[in-house]
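You will see two complexes here that share chain A, one where it goes with chain B and one where it goes with chain C.
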Partner chain A sequence: MSFDTVAVIGGGPAGLRAAHGVAEIGGKVLLLEQRDFLGGTPIAERYAGLTPHGEPARPQIEAMIAAVTAHQDVDVRTGTVMTAVDGEPGAFTLTLRGQEGEQRAECGAIIIATGFSHFDPGRETQMYGYYEFPDVITLSDLEGMLSDHQVVRPSNGQPPQRVCFIQCVGSRDRHIGNEYCSKVCCGVASKEAIEVRQLLPDSKVYIFYIDMRMYGYWENQIYWPAQEKHHVQYVKGIISEVLGKGDRLLVRGEDTTMGRPMELEMDLVVLSVGMEASPGTRQTAVMCGAAQNKYGFVDAVGSPLDTVSTSRDGVFACGAALGPADLEDSVSSGAAAAMKAFAFLRSRAAAAAG
Partner chain B sequence: MTQPDAAYKARDVTGYADVPAETKEHLFEQVKADPRYADYLYGCYECGICVAVCPSARFYDFSPRRIAQAAAREDVDLIYQQMQEDIWECSQCFSCVRCPRGNNPGGIITIMREVAINNGLASAKEALVGYSRIIYKIMSTGTQVSPDMLQQDAFPDWGPETADVSANLDLWRRALPPETLHTTSTGWKVADSTLIELYLIWLHTGALDMISGVDPSLHAILQEVMEERLEEEGIEP
Partner chain C sequence: MPIGGRKVPPRAVELESATVASPISGREVELPAMWNRMFEPRVLTETGPDGFEPISALPGGESLEWCYGCGKCVPVCPVDLVGEYGPRKLHRKVQTGIDLLTDDDLWLCTTCGNCLRVCPKEVDMIQIMPAVREAALTQGAPVPSELQDVFEKTFRYGNALGENARRRAQWTRGAGVPVRLLPSDPSPVDVLFYVEDYWSYHPRGQQAAQAFARVATALGVDFAILGHEEKTVGDSQRLAGEQGLFDSLVEDVTATLAKYEFARIVTPDPHAFNALVKEYPKRGHEFDVLHYTQLLSPLAGQITWARELNLRVTFHDPCYLGRHNGEYDAPRTLINAIPGVELVEMGRCRENGYCCGGGGGGMWLDGFAKNHAAERLSERRVREAAATGANVLVVCCPYEVSRFEDAAKSTGNDQLVVKDIIELIDEAMGLAT
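Moving on to the complex of A and B:
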């Protein structure tokens, strides 16, 4: 390892794309991943189908992993965290802690690809009774069930007849401090709603929303089929509370476009939890000296036209470390970061050569 | 829709009798079974453009959006309420096909009206009571309002000339250049073959049967007229 290496921190879709990108254009890569496996959140949280097309997640991500691990110029270190960054742009020294204890590594540029965490529906504030009712779950909990092709009520193991998604949980909320939109939850919830309807054709599936944000092709790839082909019920109005009623759940809200309050019984309530900066993103940004926005995500200082440069020279970021991002955006910024980091090393080398 | 949804519904708000949930479901099943239905309802954005362009919405508490929404949600309680009230406030102008999703709320209403008529709903009887003469005219002659219906007592707002026109109706009509308009009891001359064809259409498509539930005596008269005529032609209806 030496200063002609790009260190990529995080082995999720964005980091994998960045690492592969650097290697593809002839650079050397040190890929660090704190988990014992590559693939990031889609693998860790057992995503069923990838949004928007819904093709199985695991084989798709495994193909990305294989491309990276097979490349001779990528040094993959799983189960490894970075604990310190010293040196200067073009000549960083990283302190790593992994299976073989503490180590040091050199690199010329760093790509932060440390991703996001799903919003936790409130151990303290008990949003929608997530920690009270077993049949209140999150989008990622449902992904796991869909991966097993078995959607059941955790309380009794029976398939649910009535399922609802509550959008914007942990997003667009001044009280929580996350004023931003998490971008992907409308599409992911709709994708999962389609998958539930396919698995349980007799079920009734509702999505309660503030406004649906299915930009671009997601409109006709997900939203229209969910409504028109799979008869998912979209109701504009957010649920205020979830209550127990017998062995079911009662959700309360307003059917705003029909102009009436509603109380509906559900068997399974899915919280469309948003994205927050992961602990790894927050810690890595601090170590690298890259400025963060008020939500803890890495600041893309050159936006909108430069989406991957940070406040620190030689440090770039990609994927959901920059803020809520879907897979398409994540791998796109991963490739952009690879190009920027490689160009940074080339320009340093050229300057040094005079 | 299953029982839990019923909790928030206002019931029997306008005086018509409530009916069991199975009846409402059965009515909606008939609407959905119509072959046109799939082309009239895709999905609803609830954007309200259909209401914005709807002339009836300016004058009544009527919303084509609510028609599309109720159908999309398969909300049989609300659909029943709409079949008893809202659908008769539509002028069937089809401005609402402006829908970005390609929905046709007016078309859904057409189907709902047909189902309401076929099932003899109170609203259908009430809505059609003023139209028995028109229905009689259309189905017996194939033309709608005929010149001899324009009597002064029926149309006082048309002014004093109405009396003069109706007194010399035959003369006025013969003054019109097209010979096909030299008629008083029909809107225009209808060829025998056309009338026979129309009668067969009314009978075979069930169009005549539709009115048996809302106006049995009118139905009986029309049936007699048609069958008598077809018999004269030697056609087995």
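Moving on to the complex of A and C:
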């Protein structure tokens, strides 16, 4: 027995691309999204501009959503979570819980597109004071402010004169258990730094980093313009603590290029929080029987040449469910997973036809 | 106000020793640099874009803030090898608040161009330095007095040595061959030989000029000089920040050149060559310009040699002939053509040639630079030359003979003779008097 539907779990950029991809090549899709809306983290966390080019996030993602919801072969179920996976590759039975109570659905293949969560800076071993100082925020907090075209200090509602980004918060750290690089934060912080400079031309913007990881075209798309055109100040040396000083914040670290300690006053400190496997990713992987790495992300067992197959036949993964990924990675692997899943159904159907 | 008190600009360049007043007794004590550093405020309390703003606003100054701190420039910076100055360090110091216009670092760069060669971001000290120096001059920032003195001499006399223009052609008397002076015989000529200051006036330069006259005559080159009408082309003054002086020199020089008919200009001075090739055309003055090695190297096969020299030599690439203008082969072709001369290269040669310290105004800043360096660049270079086992350090830039001869003495390498290529050719042709 074999079913002709691909279930895509998660309606963020990767899942939308996977769902649309399957439908485009003639497959049927069941798209499940636990939130009441599609679009994933960029919509849920109100991203302002998409990295790297900075186009407004909402219209771009809404165009993706429209393409999926308009397609007759995609069955979209928002506000729906998957609670169990039974059956076998080619003939899975999913248990779903949504507004209409518990339901069952059948599918031949599953694509896990359950994404990531931002690292909770409260777990940071450094003393960054995210829960202590209102003017210490995260990259995604700032995205929301940028969406409103109003960057202010939460403590007093005034525009900040000095803004700094602290890189690698929650990433590359044995204490925390996340030894990996979250890959996107250097680019996202630099993109946001540009946006802050454009919004507040009198502000001074700093990025404190261990090493800038602006891979590929991001180097000249974001990093170089940030420095050369928007005068963002890059300082090699990470901040080890944030202290209150009057109504401002004092950041302390080492200027490694000068070999000297530094203490600088800031109005707004932005923590460049990294990516972790989302609860949805962890639970979905377990339900599907797909092996996870030690960080909870789904293991791409055929890496590096097969980026979307998991340890279980008929179960594929894409986007940040596989590990830290930018939008370009996410939609690329979404399309790859669509192709792999569809090919899997075809081969099962051919085998059944004998 | 920052934590820890008064804002003190970071100081990475330190003297060998300093006097520090004890905060307890008030007594002054002499401390060597390492200890002295421990008594200075260490915490950086400011960093930001402010220092770059006035520099980026200057045409040519934009790229200073482009540095991303890779540090490739520092190991190839000749000044860093003997001191604490380096382009990346300069970027960082400006970011941490020093005012480059009034800082000593402004005068340490010799514009040798080796940093630009390796810089992935094209931070261009060759543009930055003259732009910021010019701003310092116009804003009345302190200028090293020895450099100011040369600016004044150049302004008054048309040469950096402050010599009388009437003595410009005095060297021709010892040449042993007639040298045509265009002011007295203005008929058309093939080669206008632009002697420049150091071959005109410096005793060792004059010997090289005389050798050139003999060699060129023997090879049938039709050449003439401007004599007392010649003024310096002014490139080093420009790079040292005197843009206005340079502009007026361009006017004077081109007005003089316009009086005569010639096919090409030949000069022994790579600095003049650089300006005539790159700066004069920007102001609408195009000439066919050759360094003297470029004139002679195609003629090397026609030279009748009189004797073998039996020398082991090493060659110092002038920054403004090599790195700045890409000519590495003409001097080597000539050296290799001389009978009985074995050329051994130094480790730093050609594209990575080590600066003699004379460029960008460095020629006139030795006293100033001494306070910022463990030794002179010329001394460093002479030690490298001596290590090759060569008897002769061969040069082809008029700045270098005197610099390297002084350095050979001061480093105890008296056995190392410094000669211009033209002097060796002159000797091997048997023309030397």
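Everything that follows uses one rule, which is that the second predicted complex is superposed on the first by the 347 of 354 C-alpha atoms of A that agree within 3 Å, B and C clash if a C-alpha of one lies under 4 Å from a C-alpha of the other, contacts with A are read in each partner's own complex, and residues count from 1 in each chain.
As a working rule, contacts are C-beta pairs under 8 Å (C-beta built on N, C-alpha and C of every residue); 3 or more make two chains touch, one makes a residue touch a chain.
Since this is a predicted model, take the numbers as computed values, not measurements.
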Partners on chain A (chain B, chain C) - clash or fit: clash
Which of chain B and chain C A:Met262 touches, first, second, both or neither: both
First (chain B), second (chain C), both or neither touched by A:Gln233: both
Partner chain(s) touched by A:Lys204 [first = chain B, second = chain C, both, neither]: both
Superposition clash, chain C versus chain B, among 23-31, 77-85, 275-283 or 383-391: 77-85
Interface residues of chain A shared between complexes with chain B and chain C: 204, 224, 227-228, 233-236, 255, 257-258, 260-265
Contact set on chain A toward chain B in their complex: 161-162, 204, 224, 227-228, 233-236, 255, 257-258, 260-265
Chain A-facing residues of chain C, complex: 2-4, 10, 12, 42-49, 52, 65-66, 68-69, 88, 92, 95-96, 121
List of chain A residues in touch with chain C within their complex: 204, 206, 212, 223-224, 227-228, 231, 233-236, 245, 250, 255, 257-258, 260-265
List of chain B residues in touch with chain A within their complex: 2, 4-5, 7-8, 42-44, 46, 65-66, 69, 72-73, 78, 101
